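Shared between the two complexes below is chain A, which has chain B as its partner in the first and chain C in the second.
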Partner chain A sequence: MGNEMKLTKLLTSAALALGLATTAMADGHEKTKVGFVFVGPIGDGGWTYEHNKGRLAVEEEFGDKVETVFVESVAEGPDSERVMTQMALDGADLIFTTSFGYMDPTINVAKKFPDVKFEHATGYKRADNVSTYSARFYEGRAIQGHIAGKMTKSNIIGYIGSYPIPEVIRGINSAFIHARKANPDVQFKIVWAYTWFDPAKEADAAKVLIEQGADVVLQHTDSTAPQAAAQEAGNVVTFGQASDMSQYAPFPRVSSIIDDWAPYYIARTKAVMDGTWTSTDTWDGIGAGMVGIGEISDAVPADVKAEALALKASLADRSYHAFTGPLNKQDGTPFLAEGETADDGTLAGMNFYVEGIEGDIPQ
Partner chain B sequence: MIALEKRPQPSRAFSLATPVLAVIATMVFGGLLFAALGKDPLVAIKTIFWDPLFGQYAFFYRPQLLIKGAPLVLIAIGLSLGFKAGIWNIGAEGQYIMGALFGAGVGLAFYPLEAFYVFPLMVLAGALGGWIWAMIPAFLKVKFGTNEILVSLMMVYVAEQFLPSMALGLMKNPEGFGFPGSRNLQQYPSAFNADLIEGSGMHWGVVAAMVAVILAYVLLTKHRLGFAIRVTGEAPRAARFSGVNPTRLVLFCLGMSGLLAGLAGMFEVSGPAGQVTIDFNVGYGFTAIIVAFLGRLHPVGILLAGLLMALTYIGGDIAQSNLGLPAAAIQVFQGMLLFFLLALDVLTNYRLRFGRSEVA
Partner chain C sequence: MDLSAINPILFVAGFLVAATPLIFAAIGELVVEKSGTLNLGVEGMMITGAICGFATAVETGSPMLGFAAAAVGGAVLSLLFVFLTQVALANQVASGLALTLFGLGLSALLGQSYVGIKPPRLPDINFGPLADIPVVGPILFTHDIILYLGIALVAATWAVLKFTRAGLILRAVGESHDAAHALGYKVVRIRTLAIMFGGACAGLGGAYISLIRVPQWTEGMTAGVGWIALALVVFASWKPWRLLLGAYLFGGITQLQLNLQGAGVAIPVEYLAMSPYLITIIVLVILSRDKSAAPACLGRTFHASS
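Showing the complex of A and B:
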């Protein structure tokens, strides 16, 4: 225990010394230092690529007043804890940790550096100096589902899942609900790739789905391999995931869900500069601009495009919720009554399919 | 003309010198790489090799060196026994995963019981998990003559499927709101592989690694089994004449390396990592192969090589953050180390001859 005190003291005094440097910052002499911990390489074209774009936007916005640092391809677990500690020791004022697996490490490090602000993406543990933030990607999935339902001729829509976790299941449900609304005969075929990013596995998954008759393939994985597979097949519709993937537009990529972290990163950096930062839980969607919908290409008929844009507008101004009753769960038990909308707690922990989706969620 | 000429005896001097030369060559060519990327090469090399050990925040990085190095050393020691005898376990990564799953599984099964015997049972389970996973290729080899390189490697992919299955299913934290990952064993005192002295980085895995180094040294130099391992690798025919039982040797070498890899996984999951997660394994099992060869398959060499690799990881992350070096450049830098080691290794068995080579 005594030794723990010593280490904590040591770290705190290091943090204190940095705290002095931070005070100087208010006079405009010192830069605000913002650290980013990335789970993949910044050139992954998906998840980390978009977070890094957010970092660059912070630099663009504040110029000389900020300094950003980042470490890419940081494994979750002790490696991430070390990298965060290193950034805090080196004087970071604000650290964004951009993967779910960084949750416990972020909390551990935040305890040792009470004066440093932390922002953890997609987690649920907060502290006085730890905020969480995530995006309502399921809103984008609703639009995809609508377009998919209208575009499919075989009435079979393929879906490449990454891992069977609430985030992904929520997306499948939202896409399915709106595909069925657009086309009551639609069926979903779901393949679990057990990866976030693996071009080879994703290509295999896409090919399996196409062979099973899917002429629309949705994906919750980050590479463009499914687009390439769809292009090869010739008549299969896809959507960009995480980033725009516009190199496959106008076809097979007809639209996309884009993670846009820039507005949030700029706002939170500003809050640290102004001294107004507090611990918050942010879950923003299309309305706040955190979820972007990539341009709907001309391969989509004009009336479908108009409907999709109207859906987008209603999601953005909150006049419509992507999970609105009447909805039943897969086993037929009631989920939402007529006109009722799902609360955030239910959405956050969603571990069931809605009625009409076939197959089981792997356990 | 420069010609290579086989030495009558491998050069002992070069055998010891090549790791050092490889490190120096890596620094030189790595420095050139960093310079080409527009960074000051001297600052970059200093950031990677000097700052973690003697820089301003060395008090934090030195313990990290133990945390990062311990699993590498523990696994590499096990691998080196087999490698010396020409028995190739390439699947330590899978054995590491299975050790972690067995160990964590026992811990999670006891949760929330607080008792002194929970952690020792987890250690036994971890060792057992790694051992079982390595005995599969061992058994197939001695029974059916399969190739242990292929089988042990394939078993990694099987283990990598078990891991998400456990993290999302059986071992998922029931209080985790449906998110993947087990309970954090760091918050379960009876199962937590904590630092023995807080903040020192000295957890039981570090102790185990050091014990393994000593025991391996004793085994190889003093014990009959160590003699059998060495003679089998150097002269298989002579080994047969001297009464070495190749079946037993295969079972011992693969089993022991699996056991140590399993222990490494168990100490990691119950300590620094804390959780069974989808991405728990970070490649220690494969990096340990580099460590084993960089350390000349010698226990003390492996200890030093493990710490050196840990240093390049830790220093590499600092260089990324402070100098803006891309992760890929750091990985190339680490790759150079093995490349130069193997390239320079030629000089152990061959010597350079200058002048016209004679046609025989």
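Showing the complex of A and C:
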């Protein structure tokens, strides 16, 4: 009898303590816990590396008021759902899921934890507690396309795709449009790697493209392996993807697209702390600083560099849109009329090549 | 579609290189499994070998020392598995998985200061006039010594298992550890040596990726080759030459599908992407209809008193 009493008392006080803790958290006195789910290792030197830099920036900004946790190399699909669930159970207040393939898992887990805020990168499904955010990488692709078109001597540009999703297809189209503008004879060879991160496979894909005559290789995969393959080949131009990859500058890497997630991650964490967080859809580009263009190296002729920088400036101040008509789809049907620009809805769901690209998009 | 864009000579030379890490890892695991032990830690030992080899090659400037260090690194890590399964008699499946996780973490830690560095290049062997033979020359005689070592290792493993007393003892231990023990063979010692051999081979395979195939260090860069090696051993029904065939099939079709994509062949990419797995499995399953079975004691714990 006595034991039972004690147990009840213990449970009550435990519940009370728990209740206090929860209240304290809502008041902002306790640490805000921010979780990150990464698709590759934080040392990939590309995509995940930059997201992790954003996480570290959050820690630096808020110091003791925040606690961050992350899990790396999480497979897209059911595994990710387990990881997110565990993070939510462990008391995360805000969870960033940083790969396209986490879209449905994020929505599923968010349903189960209505009080936890979720932020999904590069997807399009939102809920009351799920925001989406992405960067207009295609603006950077336009600049790469221009430089690629000017730099190629064989007129064959290789492109390593990851998965045939709108984000990747958008990038291919944007690069192609501007490569053709710079050099009407340019052709694209596209290889789908079906992975975001597999250095050996990415290196193989780059080598195959180089063997088939490409002297510029663009990549939409996360590791620096294609850079190493190009360096080995000796006369092949590459661009840093997601991160500066400056260890391969000034050649083969002649420029790069750099993702800068830090300001966004800081702002969203702050919103959770202040209780002002709402579900939003953010899509920023060069102008807002979410997409950076890495230094264009001296391997690029001065006039080409100047053109690329002018293009960057016009994209940044919105005087020029990377998808401006006249443009046709691959099958020749009209896409954009003279002077017309693509709206965000079309861009977000882009599932077709523009005219001039050969081959089919895997369905 | 432009098939003429594919250079068959470069293609074949390319897949010989692509298959080599797989050959090393798989032939090592074959010996381990022949001794009756199932080590699922191949991926962990490979990635550890990849960074040990890379770091040593960068620090000393010698790729050959790098490969030596990779073999040592893989073998040392496998000692952890030896301790868990042969001394502490822990479950082999769980211990192997733990070894993989441990290897991935350890390599990430060791590799932190080696990201973005270019390793010294291992030169191709100079075969002199042989390399000038049309077609055959560039395919067979333009590689580094490690690639030939991989093929030699398969041949040696086959010969040792089939023709020597040592091979007979190893197989006896794998088929019936109690009988082997009764005959006076040191089961634990023999298995320890087999596991260390497997670790050294996996380490060499990992270093081949980080020093030659890619060449750079990136966390997690083996990206599942160790698991494919494990599957390959089973589908090759524990036979060295079939294993070599399987590795070349897998490497070849992987390269071929990238080449076909680049040439714009109108086969849906999804089918091309899954074809290496599918075709390798189908061919090896057909070959293994002769019901050659796994070593009878595979995965079973041995204790001298039992």
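Basically, the second predicted complex is superposed on the first by the 334 of 363 C-alpha atoms of A that agree within 3 Å, B and C clash if a C-alpha of one lies under 4 Å from a C-alpha of the other, contacts with A are read in each partner's own complex, and residues count from 1 in each chain.
Note that in this section a residue touches a chain if its C-beta (ideal position, glycine included) is under 8 Å from a C-beta of that chain, and two chains touch if they have at least 3 such contacts.
Everything quoted here is computed from the prediction, not taken from an experiment.
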Partner chain(s) touched by A:Lys207 [first = chain B, second = chain C, both, neither]: second
Chain B versus chain C as contact partner of A:Gln247, first or second or both or neither: second
First (chain B), second (chain C), both or neither touched by A:Gln231: second
Which of chain B and chain C A:Arg82 touches, first, second, both or neither: first
First, second, both or neither for A:Gly45, with chain B first and chain C second: second
Partner chain in contact with A:Tyr194 - chain B first, chain C second, else both or neither: both
First, second, both or neither for A:Asn351, with chain B first and chain C second: first
Contacts of A:Asp90 with chain B and chain C, given as first, second, both or neither: first
Chain B versus chain C as contact partner of A:Val74, first or second or both or neither: first
Contact residues common to both interfaces of chain A (with chain B and with chain C): 41-42, 73, 164, 194, 362-363
Chain C to chain A touching residues, read off their complex: 5-7, 10-11, 14, 18, 21, 108, 111-112, 115-118, 209, 213-216, 218-225, 254-255, 258-259, 261-264, 266, 268-270, 273
Touching residues (chain side chain B, partner chain A) in the complex: 57, 59-60, 64, 67-68, 161, 164, 168-169, 177-181, 184, 186, 197-200, 268, 272-275, 277-280, 282, 313-314, 317-318, 320-322, 324, 326-328
List of chain A residues in touch with chain C within their complex: 40-45, 73, 158, 164, 189-192, 194-195, 197-201, 203-205, 207-209, 211-213, 223-225, 228-229, 231-232, 245, 247-248, 358-360, 362-363
Touching residues (chain side chain A, partner chain B) in the complex: 1, 3-4, 6-7, 10-11, 14, 35, 41-42, 69-79, 81-83, 85-87, 89-90, 100-101, 104, 124, 163-166, 194, 348-351, 362-363
